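Naming follows writing order (A, B, C and D), and every chain is counted from residue 1.
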């Protein structure tokens, strides 16, 4: 089994029937199949939340860490072994709420990893509190009069930080999403794919029906190299919601700049036999 | 003394001679004088760093909290007593590094407070490590080959989050800076003033001389209501660096939306005599 | 007639298990019985297997039984997952046709729960059908069940109530005919404790009653319930409930609000509290009142998000860097939770320091019928505060008895209010001086600890010096009470405040006993170690449980039978 | 001739105090003497008053003296701030004209330090002038001073070295003439310990030697020094040093790197560690090796950023929610720090758990001349790892002796490498089962703790069972050694590993002693409490110091004179 290129996991899925996550799971599996690497060369990293359970359901190496802390763990794993294809599967709360600071600084760090944010605009696993991306007015038990904070704008913030790959996917369009994930994996650097994901249990606003009226795919008229156009598309929300690659630009990656690429993967460096004596001499 | 409108503090200043912070101190004091409120109605909040020592040097109420955590403390103090004029004096490390998540979410929260970020592009108090805004290539003891992360772009991120007041000041131009601070205090909502501040001890790149060649003031041709123009100005950096109000827009504040404004300040609500009996009845 | 009955309703997440559980509690409570109920659920929103187990009795009860006299299985998986929890002589009710279970084992009874629900309007009414069946099986009339339905769905409108009533009636009528031989009826009780409270509800009510005006937290099971209940009442009581971006924000907001002069609180579980440690230390250094509820769940890390443990006692006692005084409460029941939360605010303000309240999922999410507590108890005491008429030069950190300098409120005191996280002098400015450091440490640590020690809540001691003495803290109060109550030679000590530790009271309670042991929902016997450290008394042992589930009274009795001799 | 000399160089931040202090250390060390030096500085970059105090002796020394035989004051404030630290018969050197101090007190000597510096090229050379003066006053030649200058400024080019040499010569010549009567010379020693190491340097070298390939931290005094030194060698040894955006990122990065198969480390002080608690718990749950240096400074909160304390022992012992095994080391010298850090990596990998190293500003930033440690000691042992040829179905969390299942490395093991922060089964997938929980808790907590206990570093015990026994941990080793060495009736126990606690070794070391007391740089006697909890032994007392400064040998002797009878 291990060693086969099958990304099917035997672990029973615990999502609600109809959850948008099933679509993302399928898209991720098909993108991985398309990529063609062995599951042993793939590392899925997540925090905690419904989205963050994904690594259990797609067969590969995985690190299911703390709520909000997927990105630092993923970044370090990539530094340790630059040969791994690192994919982060995280939620809007995980990545933009608890993990917001790591979101900012890992865009700056620009390690080669693909970050899929399952953006259901809600805290699913904890039973329906507002998330950073919840629409103003959304009523929850904690916000009985409706959310009053402006929504977080992940795509615009990523663009503001000149993230090299900024995309939006939709969980119900698996094929398109699979294409985005594949493109993200092929992009050398931090690739953000904010993926709109209906939560059938708690988000009664942003439903499949709501999305299907609004979602459209960016066509060839959109030039992902055009940052100003990208900013407009990143902010388009309401009656029309674009999906696709909003912005792409090749920036030197951390691996390039840190010199990691000039040496064998750190994981292959010997641990024993290090000659520390010369360093001691500097302390004479 | 207390009760006078003098913002001069007797606490001895511990900054290096020539530090840009002296200019910010003077600007803040003059803006406060201009504002005309009693020091007892002013609350200065900071984290830890050189910038964050400011509350000791300007006479008012102050809360000098933890590194990176000025914003949450300030937000809650404002919620507790909306009558206070709340000013946060924080560093680029304090606010964009350790405190990055609070930066994002307090822009969203949009409480009426003025946030002055003393942006010296360095960690001053801890002796010169890179800060989030440090220029790529800057060499430090920890980054001997130079910084390799893309700089954080506070103004662009704030704009991406539709922050209602986004400005850039320069420590050496006290008068102009005082004007920005005053405008920030008068803006009802979260006002960000990223203030370029030479650190004479550790930042040998962004010096007074470096700035004086580049800094210019935005004139009347710049319309702070024009978001697209603002985005361009927010990203202008290099040969020419604009200062002034880059963007301003009145957004409903947290105080409005939460209903805080409809009730007396929470701090005046009686603590005793609360009739909890009716609530118990709901648990029958 | 039996003296008590335990009923377990079980099914998958989404089948309305909690709702029917609550109705069942009300049905018994409102007919004069005492009830105690626990929730056992998985960290998922649909599917899996959850249960709600109600114990009803003529006498007060405050701990679960190991097994249920009736197991009501709402789906197929519930049968296999819960058949082991059926008490001897009990009945397991299932829907054999629906679940495709042809052969019934002894004690199993099939009822067409789902067909009846569909007839009443749909599968979602299966829980109401179950309620009706249970009402019949336990010899209650349909009326109390109907009343419970009306109450449960009060906000949902007539139609919902009507359909649920119809479903319950269908279940009742079916069972009244087909399960006549099931006789699980309970004597009517005198009851008289009308409120059905969980620990989380009670903590929230305590906070509201204490005049808390700002509750801020980041969602985390099993602490979110406190925030939910405060939010329910926020508008009515003029409270701001603010969902923080993370736990660090929550604790720093709570401190900021405390500094600005209002009563503020945050709550979380172990993982979130781990992120708050620095903020706890901040409250100590700035001498700002802070109240934090730590509602424990099994760790490490994410652990079992929806289950219970008492594994964070050690952690909470020393959480936060540096040395400072703190108070740590550990209420033993919803009633104590209400009172202790009120007290926590007083302690935090009078002594100007962090106060931590240890709860756990078991206490937080179990329900017990509770008499109306004395609402006057723990009347608000804000400690020393300087107002608008005070000395304009008053120094915030002036040395004073008990380590407590009068607080200054920004915008409300005549003097300027200051706070500093660095070491500081009496005026709140940064210092580097050794002498100042020494005195300030003595203020924050020694003087305050001494003052706090004078106000420690005495442990509940039952039959001190008994041959066998059980020791526990927090959620196990009811369990200890029942276990010791049933044995002539057994007493207990229960701590609803674990810090400062009541060493003297412990010594005198345990003095003369032959076997003293702790009963702890953890794997390392943290309370036993604490007792040893603070009193020098080495206990004879510990009954530990660390499978994520609460103790039940039967396993404690069994252990006492074996070990308590 | 005196057996030893203590010299304090003091001035404001920015005057090059550390630089001259280092040169002074080298001057004595390279002439065969033993040296020990402490740094005392404020949390500011310019101004204020700092000092560097060197103790040089013919015999090994590893603790500071209370007073200095020579106080060299580089500015006016330094005089008033340090005059109290002048030993009887000592000399305080100042620049009377420059500082405007007309009247000299007895023992004060004026030298035109600043005029000489200006002559040599500018006021910045005042420290070099001071070095020359000191070389003359202590009867050293100018040559050793010159050699120290050449070494100190090796990277700065000829001109800098030349100007410093000129300044030193001017000071030397002036003093040789004007301070002839000052006779503070030391006998030549045999020395032989050529390396001048601080605790931070040693810890960094230990990490490099251990094969650490990733050091990540957020800057925080006094831990930053470790990162600085690792960064100095990063390119040479193929190490990535990554400045994290915050401490939470740092600890989660360290865990992520450990999971991915490399040796990784982070370091911080109490406040940063407070933010890492959840990450420590994560390492425990995922059974990922983690090494964290906790370099203590006085808290709570920001406290005294640049000063010292041993206040976080309790905190570190129980930091992180949930229950799990951990190892906590507390090296007593740079030499021990080097070795213990290497050992920490082995412990972390062999047992797959978090390992914490307690240091403090005193150890981290004091210098001692050190012999070359045995570089072969603590040879890397990575524990059980499954490689490319292993069982493709190997389960990451399979139950195994000592709680240690062989590790899997993503991309390098044949089986898939997994890690889960939830409770999980042997295959690493989320579970809700009670039985699984029990066994996994026993694995992470009981089995590992037992295995760790078998490998605890024995405490250093000197004269066990002496009438007076001193107990300490971490940075106080040298102090205990010297204090006990000077008294026939006094021994000591020093813990360089505080967890698992070596209870047996403690009992046998303290057995027979009349007075056992701890010596702790904190305000609450945390070690004494730990000893009581773990051994039942109630100590006679504690010598506590909590003013942010390290102990000096004289105050310990004085206390022993008084209390040790």
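Criterion: a contact is a pair of C-beta atoms (placed from the backbone, for glycine too) under 8 Å apart; a residue touches a chain by one contact, two chains touch by 3 or more.
Because the structure is a prediction, the values reported are computed rather than measured.
Peer 1: If you tally the C-beta contacts for A-C and for B-C, which one comes out higher?
Peer 2: Of A-C and B-C, more C-beta pairs in contact link B-C.
Peer 1: As a test of understanding: of all chains, whose mean C-alpha position lies farthest from that of chain A?
Peer 2: The most remote chain is D.
Peer 1: Between chain A and chain C, what is the gap in Å from one C-alpha centre to the other?
Peer 2: Once rounded, the distance between the two centres reads 37 Å.
Peer 1: What whole-number Å value describes the gap between the mean CA coordinates of chain A and chain D?
Peer 2: About 41 Å separates the centre of chain A from that of chain D.
Peer 1: From the C-alpha centre of chain C to that of chain D, how far is it in Å?
Peer 2: Centre-to-centre distance between chain C and chain D: 43 Å.
Peer 1: Which positions in chain D touch two or more other chains at once?
Peer 2: 42-43, 48, 235, 245-246, 248, 271, 278, 282, 286, 301-302, 305, 421-422, 430
Peer 1: Could you list the positions in chain A whose residues touch two or more of the other chains?
Peer 2: 14, 48, 66, 97-98, 100-101, 104-105, 132, 145, 258-259
Peer 1: Show me the residue ranges of chain D that touch chain C in the complex, using the header's touch definition.
Peer 2: Answer in residue numbers: 42-43, 48, 248, 269-271, 273-275, 277-278, 281-282, 284-286, 296, 298-305, 307, 309, 311-312, 314-315, 317-324, 421-423, 430, 432, 434-435, 437-438, 441-442, 444-446, 522-524, 529-530, 532-533, 536, 538, 546-549.
Peer 1: Given the complex with chain D, which residues does chain A contribute to the contact?
Peer 2: 1-3, 11, 14, 39-41, 43, 45, 48, 53, 55-56, 59-66, 69, 71-81, 83-84, 101-102, 104-105, 258-260, 263, 266-267, 269-272, 274, 276-277, 279-280, 283-284
Peer 1: Quick one: which bits of chain D touch chain A in the complex? Just the residue numbers, please.
Peer 2: Those in contact with chain A are residues 151, 194-197, 201, 205, 208-211, 213-214, 216, 233, 235-238, 240, 242, 244-246, 248-250, 252-257, 259-264, 278-279, 282, 286, 372, 375, 379-380, 382, 392-393, 409-422, 428-430.
Peer 1: Going by the contact rule at the top, pick out the chain A residues touching chain C in the complex.
Peer 2: Chain A residues touching chain C: 14-17, 48, 50, 66-68, 97-98, 100, 123-127, 129-130, 132, 141-145, 201-202.
Peer 1: In their shared complex, at which residues does chain D touch chain B?
Peer 2: It comes out as residues 14, 42-48, 218-221, 224, 227-228, 231-232, 234-235, 241, 243, 245-246, 271, 301-302, 305.
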